[in-house]
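Look at the two complexes coming up: subunit A is in both, with subunit B in one and subunit C in the other.
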Partner chain A sequence: MKQSLRFRILFPIIVLLIIIPMLFPFLWMLMSAFKTQVDIISWPPKFIFSPTMVNFYKVFNEQNFLLYLKNSMIVGVGAVSFSLLLGLPAAYSIARFHQKKLSVMILVARLMPGISFLMPWYIVFSRLGLMDSYTALILSHILIALPVVVWIMSSYFETVPREMEESAMVDGATMQHAFVSIIIPLSVPGIVTSVTLSFIFSWNNFMFSQVLSMEKTRTLPIAVYNFMSYAEVDWGGVMAAAVAIMTPAIILTMIFQKYVVKGLTMGAVKG
Partner chain B sequence: MKKIGLFVLIVAISFSLFAQGGAEEKQEEIRVLLANHPYGELLKEAIPEFEAETGIKVNVESLQESQLTQKLTTEFATGSSTVDVFMTRPLQEGLLFTKNGWYAPLDSYDFSDYPDPAVDIGKKDGVAYIVPLVTEWQVMYYRKDLFKAAGISVPTNFEELEAAAKALNKDGIAGFGSRGKGAASVTQISSYIYNFGGRYLEDNVAVFDSPEALEGIRYYGRLLGNYGPQGVVSMSWENLMPVFQAGKLAIWTDASVFYGQVVDPSKTQIPAEDVGVAQLPRGPKEDSPFIVASWGMSMSNKSKNSDAAKQFLDWATSKELAIEAMKRNITMARDSAWLDEEVRAMMNPGLIETQAHAALNGFPFDRPFMSAVGQARDLIGEVVIESINTKGTSSKLASLAAEKTQAVNDLLKADGEYGGN
Partner chain C sequence: MIKSSFFERNLKYLFPLPALIFVIALMVFPVLYTLFISFSDWTLTSGRPLVFAGLSSYMKILSEPRFLDAVGRTFYFTIGAVLAEAVLGLTIAVILNREFRGKNPLKFILLLPLVATPVAVGIVFNLFYDPTIGFLNYVLSLFGLPQSGWVTDSTSVLPSLMLVDIWQWTPMIALIVLAGLAGLSSEPYESAKVDGATPVQIFFRITLPMITPTILTAIILRAVDALKTYDIIYAMTGGGPGYSSETLNILAYKYSFEYFNLGQASSILVFLFFLVLLFSLGVMKLRKRFEM
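Right after this comes the complex of A and B.
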């Protein structure tokens, strides 16, 4: 069917109208990251300027962002891996045996304000000598990642026909075996979705790392504040740091985007 | 079953890989929390010298100030903090920390080189808990070139200030700027309230609905409402400074701490010689800008290495480091640092003059001194915003101020701080 002329003209305009307000702050950030402090504050704003790399130099040389990047990676990957190890079987069990109460309990853990966990954690971790260790951070970030995995995956597993594993079991597989070799491979889109989302949540988390990390294990969101000191904000540095932080998350999302949409809608329609 | 066994093994191995710490050998070690502050930077640079001299290993972390407060509060509240020495803001968190017994008493510290008001803020029942580090006071930054072009002299009282703001408010340049964003404005409007004879608290009772205080709030609102930059009710220092640096503001009253950035050619578009710094004009009743100890240093009461911690505190607040800091335009609390000849030769005369004036006449608080200071600032901020939005003419300002005063008094009562001495 041919689209009407009006639609072909109007549609891009509407899309632009929606996109511009959303992208503008992002573009502003990107521009400011390449500006000097004087250019950032100049009024009227400069859209044509001679770009400088000095902010990125500060981010990676003076501030040691590679270490923070590594820390965020270890914590994010660690937390997501353990969440998958625990969450996939849990979600499967919830889906197959209709343990609704259990899934609500897991969600409640996510709904509670994070700060209420911090005090007990601090006590436990400092007594165990685990402060400033990846263990403490990964354990705390599992709280962020696990409910995401369980909720997305339990509704996803419900869409996998029960007959699949039953026929595997007829052929002599145990339930665990059927789960590992039949169900998991069938659920890759859902797993990718939950991995992407839970990794981004962990990547962006600020509060847990603020209290549980110290100099060695400081994560990226905390490090952005290195550019804000008392009575002074290095906007160029903040913007460059924000660009450095967002880039991996954006790349990850771009790669997995089609899975995310598929995974989310699969669960939504059938579950 | 094999699968489960394998699973447990994986978990166990990976955790033991990540786990660190545990038993470490006994070298004297202390943990120090600093703020992202120029003085914190200076300490970080100098710490290796301290370590070499004393053999004490110093583990430093530096954090942005609100993060620092939150981290300290969380750690101390659990009772198992490992912090030994830390930077602290006496006016913001001092009372709460003192009340909870989180600061260690500093009985043996020599406070003779500090101004009394700065030390008194960190005292409870005669015991000092905080060593004052940095002071700041209110100043007026102004554009010399604009004043000259308009043929007016630097205002010395509030009438002249208003006339100057009016005269300079043209050609896309705002005549007068000061913080207008609710809670943030509370510290900067304080000097205006004082100069009209008002106070936030008197004997721990909120009195900012007094006629004098109201006059100050109206005056501030009139100036900002008429001659302030656009959107001033959502502006704090981080918004106003860029406006001044971009040359779009003729007069800006704020804390002395911004001087260095206002004249730094890599941050500002106006040439340094066009920037003047003067004392805040005197008001009808008083001439007392705030002068506060904005940063101090303390030891944790729970410190397990209190000897090493005390050694570090003495070193970090020493006269030598104070003089070193003064040379970097950090305005220190130690009296003797201001008398050092070398320092006086290097420092901006405007800063030295306004400091001397404020030290002599100033008032040592820029906000209501109470535990619930954050909530109180929000409440007072609403009155300030109402005044700015109506250019100081609001007919319900008095009743609004009375209502908020009552609310602040309720906060004081709830914390058991109401009335008394």
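Right after this comes the complex of A and C.
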């Protein structure tokens, strides 16, 4: 298609009109994280200022931020690992044996409001003395990660040609052996997609940790929120904390961009 | 035939079994437990044991103005935000559905709001919305417009929260529709061009009908999430000022973990549960009708 001159001038402007509102909150957050409190509360808002590291220093030294970072990592990695362990065979079985009911059940798990399980968990976990434990947090976060893994992997396994495992089975391998040694290695792109997405969802989750964790296992989103609830808001500190919590997810997205797009859009496009 | 072992013959049941047990233990059982508690009168802080109370929790909730207001707000928030996201997302997707330099970096920018931690997003917008130091009131003052209270004013709090949801989730609809557009066959377009159809005709007669199932699915997924919006509202307003931004999810949280009124909390949860379930089923049916 031939592009008119008017189009060639207008198109970049329209694209900028899309990009600027998307990016501006991130830019403002980043700028505020490097501002002193005086610069932040000055009116009119300052675009030019001398940057300071004091907010990051405060976040990482005065607050227990590294502990919360470690907690978020443990919970995210734990939940994603167990979800793969439980979810990969289930997804494979859904794809190979067309278990429609199972996949609907997993979809329902994805759609249901988390709070409708949270209250019973709270009662059970506190009776079992599991409040503020990694066990309770990881268990709850598996319910975030597992549907993502099964959802993505069951449609991925459908694209793996059946002949692959059949030829292995002709050679005498069992089906479970073919699954582990042939299907799984062939499915690395799908696994990368589901691991990235489910880790990000676990990383960002606020509600489960808010109820099930206390000081010892507190995860980052709660720590960032707690920054806010002090009497006088230390905006610089909060913004530095916000930058710190978003950075890992953004880096993951940058590395695995193609996979993240695919994972987020596949369900809707394919049905 | 090679004799197969028990494990192999029953692979179809054994493979999904661990996941199934997990989902039953951590999802099905808790939902049933919530259903059970909803027929009782049980306040954790009172120290009294659970008493069976029939439908009284439901009666109390249904006559509670806070609950009825929360239902209305939940619908208002969901419908308003998702409609705006669908229109904006579709527009963005149609604009970007062509080859140009920098398309991949642009897609990365579209992904950023989707992976950003909602609590942190809410806090960043709180700084934007701050009535005295916020950037948005500064912009209003540049144009000589009256200042707004944004999330601190009960009349503007819900639209302000919806704006955050729209900012965060419009790219999701845009990316889904873009992926859908990329998968369309080019045949109808070619014959339309031969027939001399205008771009507007092509969009409404060919593109839109073909992309409708994708848009509808994107809307279901989004609407179900919007019905459950929690992080942003809790972080930005906690349901306030007063009760003016309390949606069902926030109300259920407060009844459960602030008042520990588990009987009534459960009846709110059961209501929310069925709302989400009905909604998902309804729109899934709707989508089937559009599929040929």
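Everything that follows uses one rule, which is that the second predicted complex is superposed on the first by the 242 of 271 C-alpha atoms of A that agree within 3 Å, B and C clash if a C-alpha of one lies under 4 Å from a C-alpha of the other, contacts with A are read in each partner's own complex, and residues count from 1 in each chain.
The definition used in the following text is that a contact is a pair of C-beta atoms (placed from the backbone, for glycine too) under 8 Å apart; a residue touches a chain by one contact, two chains touch by 3 or more.
Everything numeric here is computed off the predicted structure, so don't read it as measured data.
By the touch criterion defined above, A:V192 reaches neither subunit B nor subunit C. Taking subunit A as the reference, the larger set of touched residues comes from C, when subunit B and subunit C are compared.
Shared-chain residue A:Q176: touches subunit B and subunit C both. Contacts of A:W43 after superposition on the shared chain: both subunit B and subunit C are touched. By the touch criterion defined above, A:I184 lies against neither subunit B nor subunit C after alignment on the C-alpha atoms of chain A.
In the superposition on chain A, A:Y92 makes contact with subunit C only, while subunit B stays out of contact range.
Of the two partner chains placed by superposition, only subunit B is touched by A:M214; subunit C is not.
In the superposed model, A:G78 lies in contact with subunit B only, and not with subunit C.
When the two structures are aligned on the shared chain, A:M31 is found in touch with neither subunit B nor subunit C.
Of the two partner chains placed around the shared chain by superposition, subunit B is the only one that A:M131 touches, whereas subunit C remains out of contact. In the superposition on chain A, subunit A positions 40-43, 85, 118-119, 122-123, 176, 211, 225, 228 are in contact with subunit B in one complex as well as with subunit C in the other. Residues 11, 14-15, 18-19, 21-23, 25-26, 28-29, 32, 40-45, 85-87, 89-90, 92-94, 96-97, 99, 102, 105-106, 108-109, 111-123, 139-140, 142-143, 146, 150, 172, 174-176, 200, 203-204, 206-207, 211, 220-221, 224-225, 227-228, 235, 238-239, 241-242, 245-246, 249-250, 252-254, 257, 260-261, 264-269, 271 of subunit A are the ones touching subunit C in the complex. Contacts from subunit C toward subunit A in the complex involve residues 2, 4-5, 7-8, 11-12, 15-16, 18-20, 22-23, 26-27, 29-31, 33-34, 37, 92, 95-96, 100, 104, 106-121, 123-128, 132-133, 135, 138, 167, 171-172, 175-176, 178-180, 183, 213-214, 217-218, 221, 224, 227-228, 230-231, 234-235, 249, 252-253, 256-257, 262, 265-266, 269-270, 272-273, 276-277, 280, 287, 291.
Subunit B meets subunit A in the complex at residues 3, 7, 10-11, 14-15, 18-22, 35-38, 40-41, 59-65, 67, 70-71, 74-75, 77-82, 237-238, 242-243, 245-246, 248, 255, 257-258, 261, 266-269, 294-295. Across the complex, subunit B is touched by residues 36-38, 40-43, 78, 82, 85, 118-119, 122-123, 126-127, 129-135, 138, 176, 180, 210-211, 214-215, 222, 225-226, 228-233 of subunit A.
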